[in-house]
Amino acid sequence: MSDFYFSNIVLIQSTFTVLLLALSIQIQFRMGVFSFAGAAFYGMGSYGVAILVLHYDFGAFSALATIVVICAVIGYLLSLVVQRLNGLYLAMATVAFVMIVTVVAHNGGALTGGSVGLFGVLTPVEISVPHLLAVCAVVVAAMIASERGAMGRRIEAVREDPELASAMGINVARYRKMSFVLSGVLGALGGGLNILMMTAIAPENIGFPLIVLALTIIIVGGSRSWIGVLIGALIFTWLPVVLEQVGTYQSIVYGVIVAIAAIFMPGGITGIVTDLYRRRSARSNADALESEQRLEARAAEEDAAEAAELQAELASSTTPSGGSR
Amino acid sequence: MSRVDRGCRVRILAAIGAAALVLAGCGSGGGGSLADGDLPDQVKVVSVTDQTGTTAYVGSSQLKGIDLAIDEINSQDYLGDTEFVLEKRDSASDTQTAVSQATEALTDRNVSALLGPVLSAHAVAIAPLVERAKLPTVFTQSGSEGVVIGDYTYRATAPMETYFVKALERLRDQGARTVSVLYNAGNVTLAGLGEHTIPEGQDEYGYKVLSNTAVQASTQDFSTTATRIAGENPDAVIVLLVGAGNSTAMSQLRQAGYTGPVVGNPAAGAGNLAPAGAAGAGMYWATDFSFHQTAPSSEAFVESYRAKYNGENPLNYAAEGYDATWMLAHAVKNSGGSSREDIQRGLAQVVSEGFDGALGPVTFEGNDMRVEGVLVEWTGSEEVLVEESDVAE
Amino acid sequence: MSQLVIDALVLGSIYLLFCLGMSISWGTIDILNFAHGGIFMFSAFVASQIVSHVELGLVAICVISAVVGAVVSAAIDVLAFQPILRRAKNQRTAELQILIGGIGIGTIPVAIVQFYTLSEPFGFLRSTYETTVHSFGGMRLSSTGLVVLGCALVLTVSIAYWLKNTSHGLALRAIGVDPETAELMGVKRRQLSLLTMGISGGLAGLAGALLTFNLGAITAESGETLLIKAFAIIILGGVGSTGGAALGAMILAFSEVLVLRYTGGGWVDAVGFGLILVVLLLRPQGIFGKKEVRRV
């Protein structure tokens, strides 16, 4: 078992950093904000931590904390800049933002390492899976809390019907800004942890491919809950390993899988599971309802029969034969 | 004690004895150093490179060279009864996949050495890992810094700037006083040439750089720069692009009215200039290997390659892969063992002595290969040799 | 200096040819087709495969490429986009799913071509067409550049006319404004959608062939870089406006040429992205777009 762990450690690490990346985008989708800024924050997280460690001798934790705060602030500022945009236009604007980060990474000279990127990001404290799991546990706990109870309902209201939500007193604009800040935090965490474990980052590792990866994870896994994102992250981190057996057709197979998922599984895997669950419980509910209705119908029949008998009795006891008893 | 019990005990003792023997035998596998002449039956080598994706043609050419070398090593009984066994992993032009596959290789104690990827981005991520795990790794291509970083990392491709000077020498011999430069800033090797080697060579080789245009890796159209360069009317033009860019740039330069000589880079080879037709004629470049070169060891390689691959001519990537694999074979032979430490010791000896390989006579600076290099020119339909140096570098 | 203008015009025409197909489908039936780049490149690849066996001229190659593009695009519409639209719960999820579906499908032609070419460039080596260069007044224009300019002009004008003045075009624009009402008025949405995607694919194929002629060779990845520029152009010009796409293409091309000429080439891509951001922040509907009324 531990052989498997060490020999696949890169994939295990990647599953969780990709989970953070996908969550950073999904959290905004859940609030109805169609933004891909999380991918930009992931890139900034990776490069930012690399720059702080390589050029300014930061340690792992201080670099990570610093970059997370910086990205949170940038997220807030970004939310102000795009506040009037919605839907596909907001999406396009955030895609442009991600691409600009990539261009800056390419052209940053010695600071960002140009087209080779930065490498040799080694810190005295070696960050590995235990740290990653701890961070992910905290994040997932927060996600769970945000999906339940009043908070969960409020988020859903903001997504499904913003006018109604604000009529009910929810500050929709604040939720929007929060979503950008959260996206910044999660993206930066994912990117920062990624570089601390991989020790190298290049412009082609960030940017548009991250957007595509996160989207396919969210679509296939399911966009409503963190569970869907985790399933998606597991699938798309380990699928290439499985596909390697397919040999040179692997990229074709990958594209077909993504296409099929997008067409036939709009709610993702969690959507299918939830649908099945609902259908089963709906059926058992319907069965229960049916038997209840039948009982009621029978009871109603009996009542009606009784009533008829009573009436008949009454009618016979009051036949007009005069005379008193 | 009944007879059955004694029988059981004997069997248990025999089983323990057998297990002990087996464990003792296992211990001589990938673990510590071996005594001379104590080679196992198989030496397992892993190759991680791009068989698919954007650099597939580099990786698959490298693998052809590696396969040929392994065939020869085994069929010639170069290591006696010991055979090289190769496991190929496809990193699909993705850094993370390459790192993951390298990690699998280094955690597998049966793996003795790694033949590394061709992309610098992959190599710089893998280098610290294999160095820390003490897995001897020979990279090819991977020209950037941060690849050859310790005793366990080697590179079987001379950095381009070490032989690019041959092209600059020819410029000087042709009397070129002014040059214009167009280069792909997205490729670290070409960017290094465009930003450092060429400007720094101005005094030594007697030319002046009129303009230096950096384009991105995604740029496909060069008409603007071609117009500008043609307008400057330089004595020579240096074009450092990858893939299709070479033929497009040549066509557009000619269409813009520039008819003089053009210096290129090895990425213009492999038929990439063919789409330009006659416009591509006259581009020449310095490369670490051409199948025309006349060093005896190179000619032998080309002949074996043609025999194995149906008359096909090898690219420089194949020659590099071939030599990298033979380096490992020499290392095993030198040290007499196939553990990771043995191979490292053997490689240290190889690089101090140099050898004659597919790339010709090779020497090393540290763990980094040096070759003489050769100048080739594209005639519009084929690559021909311009000259070869007869003095080793 | 005037040569720069010609170069920018040709570059802009190439962008425009690529964009027209996307602009039509996005502006009318609301399909933002991420597979457009893949179709563009794949059509040129099929043409190049045919040309490697049979010598053909410019026109024949362009026709083949356009037909391949139209067929592939129509197939994608029938197999992917229509099913998605049928199953979608509302407009926003439909958009998102078409986006993803397009991305996923778009990787398939790229992967196929990468497999066959090992990512090496391909072109029309055995075509009978030879480029000639025309010089006039100190400026140079290649015959290919002339063809590109001509096609872009003719196609843009024809499509603008078609959208504005024919009943089909009117029906398409009606779908773009309000699909349900249009259907109530007798517009056959599914058929028109198929027609639109077919035309869009045909334009992509034509653009692919012309670009290959212009550059000499392209690779499996050539369509992807153009995709993002197409977004920039359509957003700049306004979704649904053909004239906007033309203007947007020229503005992008001129800006890129100027940036390349006077600064380092590394910032050329940033021009497109920067334009997207600036336009979206200042005037989201683009130059000629109408202000979108998003129904709740």
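Letters A, B and C mark the chains as written, and numbering starts fresh at 1 in each.
As a working rule, a contact is a pair of C-beta atoms (placed from the backbone, for glycine too) under 8 Å apart; a residue touches a chain by one contact, two chains touch by 3 or more.
Protein names from UniProt, one per chain: C = Branched-chain amino acid ABC transporter permease.
These numbers come from a predicted model, not from an experiment.
Visitor: Taking each chain's centre as the mean of its C-alpha atoms, which one ends up farthest from the centre of subunit A?
Guide: B
Visitor: Considering A-C alongside A-B, which chain pair is linked by more C-beta pairs in contact?
Guide: A-C
Visitor: Using mean CA coordinates as chain centres, what's the gap between subunit B and subunit C in Å?
Guide: 39
Visitor: Please tell me the distance, in whole Å, between the geometric centres of subunit A and subunit B computed from their C-alpha atoms.
Guide: Roughly 43 Å, centre to centre.
Visitor: What whole-Å value do you get for the distance between subunit A and subunit C if each is reduced to the mean of its CA atoms?
Guide: 32
Visitor: Send over the residues of subunit B in touch with two or more other chains.
Guide: 52-53, 185, 216 - these are the residues of subunit B that touch more than one other chain.
Visitor: Quick check: what residues of subunit A touch more than one other chain, meaning two or more?
Guide: Residues 106, 248, 251 of subunit A touch two or more partner chains.
Visitor: Can you tell me which residues of subunit C touch two or more of the remaining chains?
Guide: Where subunit C meets two or more other chains at a single residue, that happens at 114-115, 264, 266, 269.
Visitor: Across the complex, what residues on subunit B touch subunit C?
Guide: The contact residues of subunit B facing subunit C are 52-57, 60, 185, 213-216, 218-221, 223-225, 227-228, 231, 243-244, 247-248, 251, 255-257, 270-272, 274-276.
Visitor: Which residues of subunit C touch subunit A once you look at their complex with the stated criterion?
Guide: 32, 79-80, 83-84, 87-89, 92-93, 95-97, 99-101, 103-108, 110-112, 114-115, 228, 231-232, 235, 264, 266-267, 269-270, 273-274, 276-277, 280-281, 284, 294, 296
Visitor: Where on subunit B does subunit A make contact in their complex?
Guide: Going by the criterion above, the answer is residues 51-53, 89-90, 92, 94-97, 99-100, 103-104, 107-108, 120-121, 124-125, 127-129, 144-146, 185-188, 191, 216-217.
Visitor: In the complex, go through subunit A and note every residue touching subunit B.
Guide: That would be residues 3, 6-11, 14, 106, 114-117, 119-120, 122, 198-200, 202, 204-205, 240-241, 244, 247-248, 250-251 of subunit A.
Visitor: List the residues on subunit C that touch subunit B in their complex, please.
Guide: 3-4, 7-8, 10-11, 14, 114-115, 118-121, 123, 125, 131, 133, 140, 142, 214-219, 221-222, 225, 257, 260-261, 264-266, 268-269
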